[in-house]
Amino acid sequence: MMTILNNSLASRSIKAALCAGVIALLAPSSIRAQLFTFSKQDLMDYTAQEPFDRLPDGRPKVPNDLVERARELASEEVWAVLQQKGFNNQYADGFKILRPGKNMVGRAFTVQFMPLRPDVEDIAESKAKGKGVLRLTNQTAIDMLQPGDVLVVDLFGKKVNGTIVGDNLFYYVMKATGSGGLVVDGSIRDLDGISEIDMPAYFRAVDPTPIGNVMLTGINIPIRIGGVTVMPGDLVVGDREGVYFIPPQLVKEVLDQADEIHIHDEWTKKKFAEGKYKSSEIYSTPSDPKLQQEYREYLKRRLEEIRKKRSPK
Amino acid sequence: MMTILNNSLASRSIKAALCAGVIALLAPSSIRAQLFTFSKQDLMDYTAQEPFDRLPDGRPKVPNDLVERARELASEEVWAVLQQKGFNNQYADGFKILRPGKNMVGRAFTVQFMPLRPDVEDIAESKAKGKGVLRLTNQTAIDMLQPGDVLVVDLFGKKVNGTIVGDNLFYYVMKATGSGGLVVDGSIRDLDGISEIDMPAYFRAVDPTPIGNVMLTGINIPIRIGGVTVMPGDLVVGDREGVYFIPPQLVKEVLDQADEIHIHDEWTKKKFAEGKYKSSEIYSTPSDPKLQQEYREYLKRRLEEIRKKRSPK
Amino acid sequence: MMTILNNSLASRSIKAALCAGVIALLAPSSIRAQLFTFSKQDLMDYTAQEPFDRLPDGRPKVPNDLVERARELASEEVWAVLQQKGFNNQYADGFKILRPGKNMVGRAFTVQFMPLRPDVEDIAESKAKGKGVLRLTNQTAIDMLQPGDVLVVDLFGKKVNGTIVGDNLFYYVMKATGSGGLVVDGSIRDLDGISEIDMPAYFRAVDPTPIGNVMLTGINIPIRIGGVTVMPGDLVVGDREGVYFIPPQLVKEVLDQADEIHIHDEWTKKKFAEGKYKSSEIYSTPSDPKLQQEYREYLKRRLEEIRKKRSPK
Amino acid sequence: MMTILNNSLASRSIKAALCAGVIALLAPSSIRAQLFTFSKQDLMDYTAQEPFDRLPDGRPKVPNDLVERARELASEEVWAVLQQKGFNNQYADGFKILRPGKNMVGRAFTVQFMPLRPDVEDIAESKAKGKGVLRLTNQTAIDMLQPGDVLVVDLFGKKVNGTIVGDNLFYYVMKATGSGGLVVDGSIRDLDGISEIDMPAYFRAVDPTPIGNVMLTGINIPIRIGGVTVMPGDLVVGDREGVYFIPPQLVKEVLDQADEIHIHDEWTKKKFAEGKYKSSEIYSTPSDPKLQQEYREYLKRRLEEIRKKRSPK
Amino acid sequence: MMTILNNSLASRSIKAALCAGVIALLAPSSIRAQLFTFSKQDLMDYTAQEPFDRLPDGRPKVPNDLVERARELASEEVWAVLQQKGFNNQYADGFKILRPGKNMVGRAFTVQFMPLRPDVEDIAESKAKGKGVLRLTNQTAIDMLQPGDVLVVDLFGKKVNGTIVGDNLFYYVMKATGSGGLVVDGSIRDLDGISEIDMPAYFRAVDPTPIGNVMLTGINIPIRIGGVTVMPGDLVVGDREGVYFIPPQLVKEVLDQADEIHIHDEWTKKKFAEGKYKSSEIYSTPSDPKLQQEYREYLKRRLEEIRKKRSPK
Amino acid sequence: MMTILNNSLASRSIKAALCAGVIALLAPSSIRAQLFTFSKQDLMDYTAQEPFDRLPDGRPKVPNDLVERARELASEEVWAVLQQKGFNNQYADGFKILRPGKNMVGRAFTVQFMPLRPDVEDIAESKAKGKGVLRLTNQTAIDMLQPGDVLVVDLFGKKVNGTIVGDNLFYYVMKATGSGGLVVDGSIRDLDGISEIDMPAYFRAVDPTPIGNVMLTGINIPIRIGGVTVMPGDLVVGDREGVYFIPPQLVKEVLDQADEIHIHDEWTKKKFAEGKYKSSEIYSTPSDPKLQQEYREYLKRRLEEIRKKRSPK
């Protein structure tokens, strides 16, 4: 069902070759295997706690309205809930960030690569042929993306030949996901071109070489990005600091607490601006019971306003 | 005299808890000790060479007009005078810089943290109680800040749990110092929120965790930032490169030399623009005695103009 | 023929001294030797493959119109041709980049420094005197720059005292090269001042100290920048990722392929925007022979248009 | 069939607890999941090129006599054959090496860990219960080891809480494998105790904390160590430089070439010791055809001797 | 009371000068201030929990027999007790270790240096003169060492000019402490000479320059080594992995647990050697209640034997 | 005059090929150019201050008896004299050291490599052919080594393909120099084999790949190793810390001062052992004039003894 264009991997250099009319010369790309099995049923089993619908590929589908609300989230707000729930390994940082002022939000679509071994690759290929199916490539993965997805790729930190996309594929990802975003524990190329495309991206490095010397070993399987085990369908939230991968079952709680935190900040700044209090008299908990009471009422009123504003007319 | 709000340290996560109404649940914060004694008299003794007034807390008070003039200083100009005087350890770099285009100038207000030891902490606390005083916290330190201060914090390069402020406390620092600034050999959190607040900041890293696993061991004592011994009241000057800590007694000389350097740059660029000279004929010392004379006259005239402009009417 | 102004090296600190009227006090600078011989004839021999004219100093002169066309090049496009030709060591990265959005293009003017040895320096100086010539300094090098040059300096990654220019010399380089650019495997100073001058620059670090403890050992000799052997006259192309040094004989081919790549990108994006195809059906090679044909015609037409537009009227 | 002793993971600290009689207090360990499926059939399929027998668990069994011959191999000899065959990703280095003078040889037994996610872990556990089987732990993995194995563990470079063994488990691994060896992209603990046990080990770091905050996600599945995809049953060869993972089908060729290289070294050193030749006249290829002939005869004779010596009487 | 020999700091280079008869030429050393006050009473207050005697300088004196028992401790055994007690910041690693096979044990004698500031130094000096006392130097600190001490020095990781001792001073430290040991967050010099002296040492780097450009700011005050707050009198335990600083009040418990751990290891290895059990059946807790009972009896008997052996006859 | 054996560069891998009888298949090696001219006269001019004889190739020849005396030198003793003379850049460290307990001493034989450029290489080759001479290779350099030399190689820190020798070439270097030694700012291969050969070596890394992708650009020219400009004929002294490159004209003075330093150490340790003095009373300068006098007499007597012992009978 899926067309293979392994060639696509080597983008620019291939384009160069292509332009010169040497299509036939293209060596078969080195990125073809899906080594690990993680079936749609496996995926559904291992994400059974999620309370929402699912995407056709089996991933949890955090609803669109929650995805939109998540656009205002900051890392700190996510941290607060996750550590209370015992999820201490959901944050990755140390990335270069393409658009520091533009937060990234979306559902994780995961891809895994491993270092190339010709023997494993050959067998994967003949296994595929034996079943009459075509092998998966990074471009097929890109063709599978859905609106609202963030492409999350484990390229084990590889810089040279670890470039998941150049500006062309980045453009396709942007179109397919509706500017969802990209997280790659690896590199990108064509940074000049990519800088003109409006989609957030988190990457380790930039290099002019095309992807190579690797094999695609899994699509929508559990992967590791830094110290995080990322599950397909996790809500990905990226800000100026780093990226959080929120299990779907915790999304609602994170967002509701964030509402209260926003209101708390509003109120304490407002009080401080009145000039009557020292910071420590208001923040984080007002010492005066009367002020505490005032805050609680403010909180209640503002929460109601927010909910009203959000409810469909 | 001072109110304790240890809770303030864990800002966001605390706020989350707070919002949920669990005020009583808050564990007493782990940041409370002032281990080192450095009395107001010590401070005055060790900064005895400073020629200006003092702040109520004993710190040297570089006058406001000199602070303002220092806003135009570049690291290189500070370096020139300091190395002549034998001060080779007054510069720190390697920071992430919040506002590269906006220089930071102010008087150093120093704070020191050390790794938490429960036994030391317990004793510090009971010592405080024994004297009927309250223990110092990072928020009390913030409440002590004066207009024109820069908050300088030794958190020994700690990233996780080494976040001196989030956006709320950063906002209070901004208000209290009049956008003075922050230097922390440690980290900050809420970078998104902080980016919207107009104050310069120099820090090592960003992390979503609140401050923790440390104890406050001194306020306005000598501290170390990188390779610099910072004294309370030092004039802090930060630009796109790094941060200089200028002993008060050298401030006037640095500023006067900077005036001459600015005039020298003005003149050499003007001469070069005339198109009659090679760079090496003008810069840094003109080879032609006639040009030297011309420069000396230009320098004299411009210095007079500048001084006139600065003198109060 | 050349005037020595060794003093110029210590820029700001010297300026400070100068302003204070202590010209006579200036110690003779420590940067004076040209240790390596690489004659104009050597230079012409080792770049004999270049097909263009030469600059008066013997360097290949890539024509101005090609330099202009190169302004649109991205690293990836250069990579494609160079690796086909077996040039695998022409790319350097890991720089701090002054103006990420403004590409750098120009002809390499190379300068080499080595760590100071007083004995070698003394002999180089007396050798020079014996021949009745003056010694070369970094400022003489700057006076030798031509419009269209990029100054490329090997300072072996030195940070402290490895500052090739401050804002004054950077200004002269900008004027002399017509905003050509600077690449230094070393550092710069006066970043605040330099940020206001409109010229691209690639450097390893920023430091307030003036250049020192080094000796100038060669001008327009082959030098090493990262993993690249740079020849005088190489076409230097810098973008947001890093810097390519293109041997003159390969410039034309790189540019022509880049034209085809630009057209290819144009066409695939246009087709994708039609909404009729999956990315893998168009990119990089269309799978449908009819589409391939369509592309080939589009390519031919667009190439003709471009060439027409470029041809002098 | 397998007994769970999750407790075993926290070795020393647990032992401490145990000794104090607090067995009941032990929290269930956090290391229990096998997330990825890679069946015995998968394993046999993906290693189908191997020419030898198999171990009961399906791994290729490089014969004992070849394992013994491999004890003399150096990294360089492996490199020569592997790169000829297009296997460029079989070498990992950057390890701390327990016994630099004692080479490591054996068959890869692979184990994979990922960062802990409580939701994934819970489901893995209930899945296991549902099937009436027990969950795998690192100690069960250790109990599965065979004589001649090298335990190869992906702990994603984790230092704190990434300690695969302390001295007790290291002792068991030594006993079970017959001093086969350990490679861990992670850390170990009890280095003092381990130093007294006679088995080679390659690790990234040493730390006193027990393993934790991770989940076991696979046993004898393909794993990644540095830039290598390691397959179960690969011949692991470690020397003073690093570790090679040799696909079984290439073992024989590597060993036969190594024989010739050893003889070549023998002969060139012998010739050089005669004092009649410059190194370049003998090494690597003698320039004199007569010497070439002499060498070829020497090679033939020595190979025969070696083979004779090896053949069973 | 104390003699100043600032000159001693520059050891070798000074010695060179000395030998040449240029004693008078010696510039006054730059290491003289004690900036921080931490009185004997402060020290006793902040270590009030320790249950033992004190040294004349006020430091807790862990008894000699416990110091001797601690010689068998491994980092892991210390970790187990300390984390139970909530002391998570007592371990430092990343050192170069002079004698990996020889554990270090002793009482912490702490020294702190900070980057030199001529103004602070001058005032410290005149303060000292005003009181008729001499200033402290690193050599005076060395003269204050007691048998059983480990010299622990904060030189803030300084390499060049951060060399606390050369072979002569290292020899004196060895003599004064009875081969106690040295931990320096800084460097040493004369590694060749030091390698011949039988005392453990932990340091960051080696450099030929003498100590300089720093000032001694405290002796036997709380200092920071890596992530540890070290108190004077802490029991310092160094093995092949790193260094633990054990608060005196926890020493007894650590040692008693270590006894049980040693016995536990003895027993499990003995059982495993019987060949009747899988590792997981014995370690860490035997699954069979009968084996548990057997172990408990073994433990009891062995503990008695050990205690008997230790008790004075 | 010189024979080319480019093949030699790829040592082991070539050997592997060779053994398989594929001599003809060998691609011409990529290491052939001598780009920089530094004639014998240049060499003699730039080392004119050296007071000794010269080797036939023009390098200064520090006499054998001084080379022998230098075997006892430690880095610190060299540092003392060199910094007095204003030579601050003669020390390099950060190497892996093959034989930490065995000091290295010898005369520098320098070799420089740069990253390969096919165009420069081609021209160098045809230039060589035009003059009827053969191109230099790393093995020719090795054949030029003299007894007492240390091979010093600039491979710009290259690890992969930056391996100057494997065990065979290391063996030849050992034979040719009489175990002189090797310093390479690059890597080596065959560490197992090299470990069995008795010669000191200082290198950055170890890798199994043969040297490649570089060109030899100079033999016995000034080169850079770390922060040092090394001149051919410098006395190279390596100990456990790093490597000093001593200009020949300073060797005698360094050695004479070292004699005095050794005597000084002898005396102070002897006095300290008497138990009558505190370290600060003896070291570095005795405070008591009587002790000073005693030391001066001891020094005089011991110097005479040493000189007597050294003088030829």
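Letters A, B, C, D, E and F name the chains as they come in the text, with residue numbers starting at 1 for each one.
The rule is short, and it goes like this: a contact is a pair of C-beta atoms (placed from the backbone, for glycine too) under 8 Å apart; a residue touches a chain by one contact, two chains touch by 3 or more.
The structure presented is a predicted model; accordingly, all values stated were derived computationally and were not measured.
> So which chains count as neighbours of both chain A and chain F?
C, D
> Return the chains shared as contacts by chain C and chain D, ordered by label.
A, F
> Same or different: do the copies chain D and chain E touch each other through matching residue numbers, with over half of them shared?
Interface between chain D and chain E is built from largely different residues.
> Counting a repeat as over half of the contact pairs in common, which of A-D, D-E or B-E repeats E-F?
D-E
> Can you name the chain that lies farthest from chain F, using the mean of each chain's Cα atoms as its centre?
Greatest centre separation from chain F goes to chain A.
> Among all other chains, pick the one whose mean CA position is farthest from the mean CA position of chain C.
The most distant chain relative to chain C turns out to be E.
> Superimpose the Cα trace of chain A on the Cα trace of chain D, which carries the same sequence, then give the rotation angle to the nearest 5°.
180
> Could you work out how far the Cα centre of chain C sits from that of chain E, in whole Å?
The computed centroid separation for chain C versus chain E comes out at 53 Å.
> Using mean CA coordinates as chain centres, what's the chain B-chain C distance in Å?
The computed centroid separation for chain B versus chain C comes out at 37 Å.
> Which positions in chain C are in touch with at least two other chains?
Chain C, residues with two or more chain partners: not present.
> Of all possible chain pairs, which ones touch?
After working through each pair, the chains in contact turn out to be A-B, A-C, A-D, B-C, B-E, C-F, D-E, D-F, E-F.
> Tell me, which parts of chain D touch chain A in their complex?
35-38, 42, 45-49, 85-90, 114-120, 122-124, 127, 156, 158, 213, 215, 217, 221-222, 224, 227-229, 231, 247, 249
> Residue numbers of chain F touching chain D in their complex, please.
Residues in contact with chain D: 3, 5, 7-8, 10-20, 23, 26, 137, 139-140, 142-143, 166-169, 171-172, 175-176, 189-193, 195, 206-210.
> Please name which positions on chain A make contact with chain B in the complex.
74-81, 83-84, 91, 93, 100-101, 103, 239-242, 244, 257, 260-261, 263-265, 268-269, 272, 278-281, 283-285, 287, 292, 296, 299
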